[in-house]
């Protein structure tokens, strides 16, 4: 009856996964994340354990929020496995968003290192959610090594360009046996809604909320956008057609007078 | 403080305008319209005054719903003015959605007849909302003759193709001094959200709700989609960019250990 | 046998119509136009009859080039008719590209004034080619008053955005009984080719050639692009499909060894 | 002075690479390939060495045509290396288009097996041109192991959808030190031209020519489309802008009379 999202055996009511980067300050981040209704929040390992007066973790400790550490900044499988183990120890969770992007300009993921690291991390007992290109074959291979979900990108991180990979996301969704979470490039609620209408299981949004003029209102907007797209998918969208289906013309009505 | 939509001096809380065509039956239509939260509902004159056992008007008499008769089916200005006067008498409202589409295949509007009819109907005391091509110059001319809003199309009626005219809608929104309501072609909540994110004042949705597998859930989806897009516009969307803005790499973090 | 373009009873081998604006100088313009193979060149009335040392007309007097004066800069039907008559007298041609754009920012055409002027100019014996929005109903009305061709825009003049109106161009081409010439917005040979592949009869290109780094090479590029798209339309393009049609796999070949 | 394409130390005048599949018969294929001006033709290993009365190779033996055997149909690196060696022996060439697509529905390539096979084949002395997803990181890794070019896809093979991956092709072209050849999905000359305008070094076209109503005319169309796009790239395309740059209005001209 409930339309829950299940990842790694855990059930979520919200299909809006969020990140913690680029917010003006931690307080604003906390308020925006709560407004978004998110239940799964990813954060870079490098952002914790600094003896900060205002530790980011204080702002993420909420009963509704499940932490998803990520390996942002690592450049290969070896670094990723090391970072994952540090994250598990520091945050006491075996959940992991696996990100390996050697390219500092576009932050695009490395398919080969990601598959290698995913296979090893699954063996080490991690719940692995890999961030990858919208590559249907890679998604299947990751599924075969036991990842809990796949996170194909919509467009380059931080570009706000939306679902530029939509033709491939469609194939991924059609073929996947694990949840498909569209990550990266979602710059507006309409993009998030479109991903859900396509049949994605969830979306990850960070930059678009964090850098908005008003991040809290934008968080509410994305919350509604995701729910809206999910409802539309459940309700069954009509087909796209090339022309109108005319009903009886008014002139016929005039003739009947 | 409230973000109300004002058309013809009247204030609306909902920015989702709906139609009455193509629903399976009147009861389903009524439930879907109530679920959508709509406050302005358009209906063809030709659909009233038939001695129907189940008169459509019975299903539209709600305190929150404002009726917007339309001239669907007329082919020129003369027929439109005649139909408008009949509608005013029958429904006791001077509000009018002006539609003149001579082409039965695509139901596209006639710019010249529409301008002529709009000018005359304004003089006759109507609150005129014309359905038109996304033609910025025509929108300005309609504004000059006194229409209460302009209703440019997103794509052909019933096509579900979304905002194919987005480059021109943007110019219309930039230049208009009356509300801009995107009409026709909106086939999914993501399309409605995108129109609102662009700065449209409202959208009109009919087919996409009426022909959905579950019209009531789809009505809820569109309600949220419109609210979501409006919030995003108010909150200030980020710019689209060509590449990521990298934060400090993890390897730097490793170096700091 | 020959695939000629017929406008107003005159036959053209080239389907690339060009303009004279924005070139660095008249000599460069002349060389680029000759390289393009164009046989129909439009020029603004305001650019002639000035006692220039380097009169633009000197550079356009070629046996292969047919002049098409335009009314660029006029704001209504009355000014257009006056400008057309001046052009006829000055250039001794009754051919006319009718342009009425009251908006100085986007130079978008006025549908109502254009229809009125077209009707009058046809009566006055002009061969009228009106520049208009990609509005299928307006195109039919212009055809009814006797224009020789219709010139719907692809996107705003000078924007180089390409065929943003493609969904409407398709309808125009399907319905038109006079040649359809895509005008405005064509910024690259691929845009010109796409218009021809869609079934357009010709395209008009000006800015993209004139402001190119090397206008002569760009003129050659557009010439080939137009010819390429026309050939593809004649040869019959394949349908777009959602997936591959696999041929027998190599593994089957291995099995057969 | 000449604008030659250099791959693996060999110089080509044509930037249109073609395939041999799906033609009605070998004679038609031969005529179309000659009309296209192609100098590099790929063919599946599985299509040779059958004791056919009408051996395909007879139709490909032309001084201007360089053969590029491909591994179409193999599902992993091991099969690819085996197939490559068979091809080298049978066709006496060390050139190879490396294709590994385990998925029979969409024929999308496997990034991990492709990288592994490419590394081994380069060591074995092959000139390797791998067919891959438009994945910029994978392209760099393939370049690092010594491939002679990269062949990212525009959209799924045989779909005719064009450059759906354009945002990623742009990054690949920006970053690559080896020729970038857009492969798969190019369904019309306008797509081929657009790839060249983007800065691609060449395109591969097969289905769109082979299944055209008239393959020979379509081959000519693609030849011109590729040349057109290349010329445009060399000539320097103008930037896309949001509005027109108005020249002096006609009314100013009237005022000057």
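Letters A, B, C and D mark the chains in the order given here, with residues in each chain numbered from 1 onward.
Criterion: contacts are C-beta pairs under 8 Å (C-beta built on N, C-alpha and C of every residue); 3 or more make two chains touch, one makes a residue touch a chain.
Each chain and its UniProt protein: A, B, C, D = Thiazole synthase.
In this text, all values refer to a predicted model and were calculated from it rather than measured experimentally.
Summary of the copy comparison: rotating subunit B onto subunit D for the best CA superposition needs 180 degrees, to the nearest 5. The chain with its CA mean position farthest from that of subunit B is D.
Where subunit A touches subunit B, over half of the residue numbers in use are shared by the two copies, so each contributes mostly the same positions.
Between the CA-based centres of subunit A and subunit C the separation comes to 45 Å, rounded to the whole angstrom. Once the centre of each chain is set as its mean CA position, subunit B and subunit C turn out to be 33 Å apart.
In subunit A, the residues touching two or more other chains are 106, 156, 159, 161. Residues of subunit C that touch subunit D in their complex: 21-22, 44-46, 71-75, 79, 83, 104-107, 156-161, 187-191, 193-194, 197, 207-208, 211-215, 217-218, 220-225, 227-229, 231-232, 234-254.
In the complex of the two chains, the subunit D residues touching subunit A come out as 101-103, 106, 108-112, 115, 133, 135-138, 140-141, 155-156, 161, 164-168, 171, 175.
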